[in-house]
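The following block contains the structure, expressed as structure tokens.
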Amino acid sequence: MSRDARAISDLVVPRSGQSVWLVTLSAAAMAFLAVFALALAVSAAQLARGWSAQLAQTATVRISAPPDEMERQTALVLEVLRTTPGIAEARVMDSAEQAALLEAWLGPDLPLDALPIPRLIELLETDAGPDRQGLRLRLSAEAPGAVYDDHTRWRRPLVQAAARLQALAIVALGLIGVVMTVIITLAASASLASNGQVIAVLRLLGARDRFIARAFVRRISRRALLGSALGTLVAGALLWVLPDLGSTVQPLAGFGLQGPSWALLLVIPPLTMALAWTASLATAFHVLRGVT
Amino acid sequence: MIVFEDVSHDYGGGPLFRDVSITLGAGSFHFLTGPSGAGKSTLLKLCYGELIPSAGRVSVMGQDRRQMTRDEMAATRQRIGIVHQDCRFLDHLSVAQNVGLPLTATGRPLPQGDLTDLLGWVGLGDRADALPPTLSGGERQRAALARAVIGAPTLLLADEPTGNLDWDMSQRLLLLMMELNRMGTAVLIATHDMNLIRFAKSHVQARVLRISGRKLTAAGAEL
Amino acid sequence: MSRDARAISDLVVPRSGQSVWLVTLSAAAMAFLAVFALALAVSAAQLARGWSAQLAQTATVRISAPPDEMERQTALVLEVLRTTPGIAEARVMDSAEQAALLEAWLGPDLPLDALPIPRLIELLETDAGPDRQGLRLRLSAEAPGAVYDDHTRWRRPLVQAAARLQALAIVALGLIGVVMTVIITLAASASLASNGQVIAVLRLLGARDRFIARAFVRRISRRALLGSALGTLVAGALLWVLPDLGSTVQPLAGFGLQGPSWALLLVIPPLTMALAWTASLATAFHVLRGVT
Amino acid sequence: MIVFEDVSHDYGGGPLFRDVSITLGAGSFHFLTGPSGAGKSTLLKLCYGELIPSAGRVSVMGQDRRQMTRDEMAATRQRIGIVHQDCRFLDHLSVAQNVGLPLTATGRPLPQGDLTDLLGWVGLGDRADALPPTLSGGERQRAALARAVIGAPTLLLADEPTGNLDWDMSQRLLLLMMELNRMGTAVLIATHDMNLIRFAKSHVQARVLRISGRKLTAAGAEL
């Protein structure tokens, strides 16, 4: 299409009017919502990851053995842990740490040094974590006094909650996607339908379907891009400011996007445009087929 | 140009006319008359393919209307100039842009000189930049005729083009259409205005068709 | 307004057409989103409440005292706890429980009975919880060996997370409310604007502003009610079915509304209608003022 | 009914007419003529208050247009029947409902018998249930006239009411308007059709006004 023809195809579709605003504004509104749904999903994922990490650090291996066996078994266990995939770090707790850990239950006065207390090894697991069943078997084979405790009791409800949160955010994102598609399709169709007169006139003057459709599709998807960019911008700005407000309103402190997640927002405007493009193209040919 | 063979049309409440057979040859000049509601506009719509006849065969520029694709129809329309009874415009474009639309909307070049001359002839020189909704009834009809003729069509179909015009202006427009006819354009004008028909017949070889009582007859003797 | 006049005012506004569908569909879409935002907010609140309750049960009082003092101090502490508002229940752990609790750290073989282990009292706090500072003071005054431990270390991040979740849900609900208002206002205005012809004709025939406005407002708010009811119904049905799906897709298991919360959904359609009513009335008089 | 005192109007591009003073008395019959674009429709719009003059005073039914509230304007419009040049209808209502609208939309009772008679007189008896977009050009004008007269207005303003009609039907509509005039309605018709004016003058006492060159003059001698 030549530059001239392009300018003309732009010309034949009204530049303003309520139907154009409808596309722009609904794209803006939907982009606005999408940004927040995205932030919700990302925050939920981060929250969940944070919890998992915190909880993962509380896994331990406890070695109960006679004093003369202790050193050997500890060395063996550390070797096993070192060669186990899924364990990032293993560290023998010193007795001061162990005392601090037990203080809540036993008080500060208990003579721990005099007791045959088991030795504790603190594990830092990777996100995936080790194969727990296999680890237990290997440990009991190598060092009979070693017991692996991943604190599942403590961990399960929290991991579940985090997963639930993430699922909710994804459902929300999905729903907003669906509603967004519906609204933008609707707005694009409304814009076309309200220009029935324009279409009929152009058709009678001998303009081809492709020419007419292209003029509308270009105008509508451009408007959708503009609206969506605006909505994303406003929502993004709000999201940027929110953590600062959050420092006073505690619960919102961690909400938002971090670092590279911000790049996700860049996806929204082109996506909206693509949506509007598809919707308006389909509608354009549908409407055109009704005009002789 | 246009051939009707045993054409009938029916909007659903009984046939409007039956077994109409006419041939509009290249360079011919026809008037179409008849009482209000007889089917003049319907016949014109059959000519440019907005309607498909309920029976019979219409061929436009040598092609059967029923077998034309949408793009063939578009290509054919580029060679037909149409003045609608309710002159529809694109309300967001100026009068000049609307008049030039048959060329610009089909990718043909628009000679600005011709456009200015034409607008001057129909008396719209000083309204060229106005928007259609601000035009008077007669100005709309003049703009519609200008739009119909700008593409130098091989067929001109005009539906009541002078209904809102005074006699001087009506004559002026008729002269424009006769000039076009002299250069080879086939012309078909639906009108009630007997003065217009008489005036035309004194200048060109024009045939008068009359629809009434569901039939199309050649009139003229009674004028 | 008489029944006749009412029928006529209904008549003058087109019964169908794209602008009417726009109101219906945008009301439906927005109601749909609102239902899920509501469910999110309610679920988050429930989740948060659940966590708080679980965590509240882990508060303890530890009494370290010479064996002969132990009984007396335990009784004193129990008395203090009984009279402290915000504590629902206080129970002395028996040694088997205590052993189970410590097993993770100390192993099953430690001769607990022979050790001067402190006694632990498990507390069940109410939602509001006790005045912790005051409780500490009273305990140290009455029983010098008693230490109150509300496990703040463990608890803080979770309570924060729950609060954050709730805040997010409320922000989401707020955002959807705003977007809903914008979209419905827009749809109502679009519906009116696209009927400019109808308004102009009625005005020229001598119809009064009130008559014209009322006809539009009634039609538009009725459509908004219908759309909103539909959207709420569909979303509600989905929400009803979701927990059943959730039994296979674990993380969604707890999502949704329980018991009386369902009644909240009944608020959405009338609210949408009120919104549409206000928006269309304002727009109607605005449009009418532009017509002579 | 209508009094113009030194009225001028200007759409922004220079005055259309200047210092027009006329009085349309109760029961009078006027024609308004002049070339296309002279300002006939504009003058009619000033009469029913769609436009406010840029200078001078228009009073409608004894009230100054500028001082009328919106509801007073509405009440006054109920006593005026208007035929627009571009007869606008509510496209979702049938012809009969559209014709009855001046009564139903203002809460007045609609006598079904009168409606049927009126539709019969203008030749739309069998199109009563059709939707306006399916009407022919002439049928629209007839429906518009029917709608204008159904409320038995004290003033009838008709803008080019016969532009799309054949002579027989034009006469028929004119007879309807003359009948109304005989019963006391003041009538003002803007038209180009000299035959119509001649026909009317042979039946009633009609004055002819002419706008041209920015002035309103009483014509008639030349007819």
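Going by the order they are written in, the chains are A, B, C and D; count residues from 1 in each one.
Definition applied: a contact is a pair of C-beta atoms (placed from the backbone, for glycine too) under 8 Å apart; a residue touches a chain by one contact, two chains touch by 3 or more.
This one's a predicted model, so the numbers in the text were calculated from it and none came from an experiment.
*Asks:* Mind listing the chains that sit against chain A and also against chain B?
*Replies:* Chains in contact with chain A as well as chain B: not a single one.
*Asks:* Where centres are the averaged C-alpha coordinates, which chain has the largest centre distance to chain C?
*Replies:* The most remote chain is B.
*Asks:* Let me have the rounded angstrom distance from the C-alpha centre of chain B over to the C-alpha centre of chain C, please.
*Replies:* Chain B and chain C have C-alpha centres separated by 67 Å.
*Asks:* Cα centroid separation between chain C and chain D, in whole Å?
*Replies:* Measuring from centre to centre gives 63 Å for this pair.
*Asks:* Just how far, in Å, is the C-alpha centre of chain D from the one of chain B?
*Replies:* Roughly 29 Å, centre to centre.
*Asks:* Listing for chain A: what residues touch at least two other chains?
*Replies:* There are none in chain A.
*Asks:* Chain D: which residues touch two or more other chains?
*Replies:* As it turns out, chain D has no residue touching two or more other chains.
*Asks:* Looking at which chains touch which, would you call it a line, ring, star, complete or other?
*Replies:* Chain contacts: single closed ring, each chain with exactly two partners.
*Asks:* Which two-chain combinations qualify as touching?
*Replies:* Touching chain pairs, listed by label, come out as A-B, A-C, B-D, C-D.
*Asks:* For a test of understanding, state which residues of chain D touch chain C in their complex under the given definition.
*Replies:* Per the stated touch rule, the residues are 48-52, 70-71, 73-80, 82, 84, 88-93, 97, 101-102, 104-107, 147.
*Asks:* For the complex, which residues does chain B have touching chain D?
*Replies:* Interface residues on the chain B side: 11, 33-37, 40-41, 85-86, 123, 127, 134, 136-139, 142, 159-160, 163-169, 192, 194.
*Asks:* Taking the complex as given, what residues does chain A use to touch chain B?
*Replies:* Interface residues on the chain A side: 2, 5, 8, 11-12, 14-15, 17, 197-198, 200-209, 211, 288, 292.
*Asks:* Would you pull the chain C residues touching chain A in the complex into a rising list?
*Replies:* Residues in contact with chain A: 18-19, 21-22, 25-26, 29-30, 32-33, 36-37, 40, 43, 47, 51, 54, 60, 62, 64, 98, 101-102, 104-107, 109-110, 115-118, 120, 147, 149, 151, 157-158, 160-161, 163-168, 171-172, 175-176, 179, 182-183, 186, 189-190, 193-194, 249-255.
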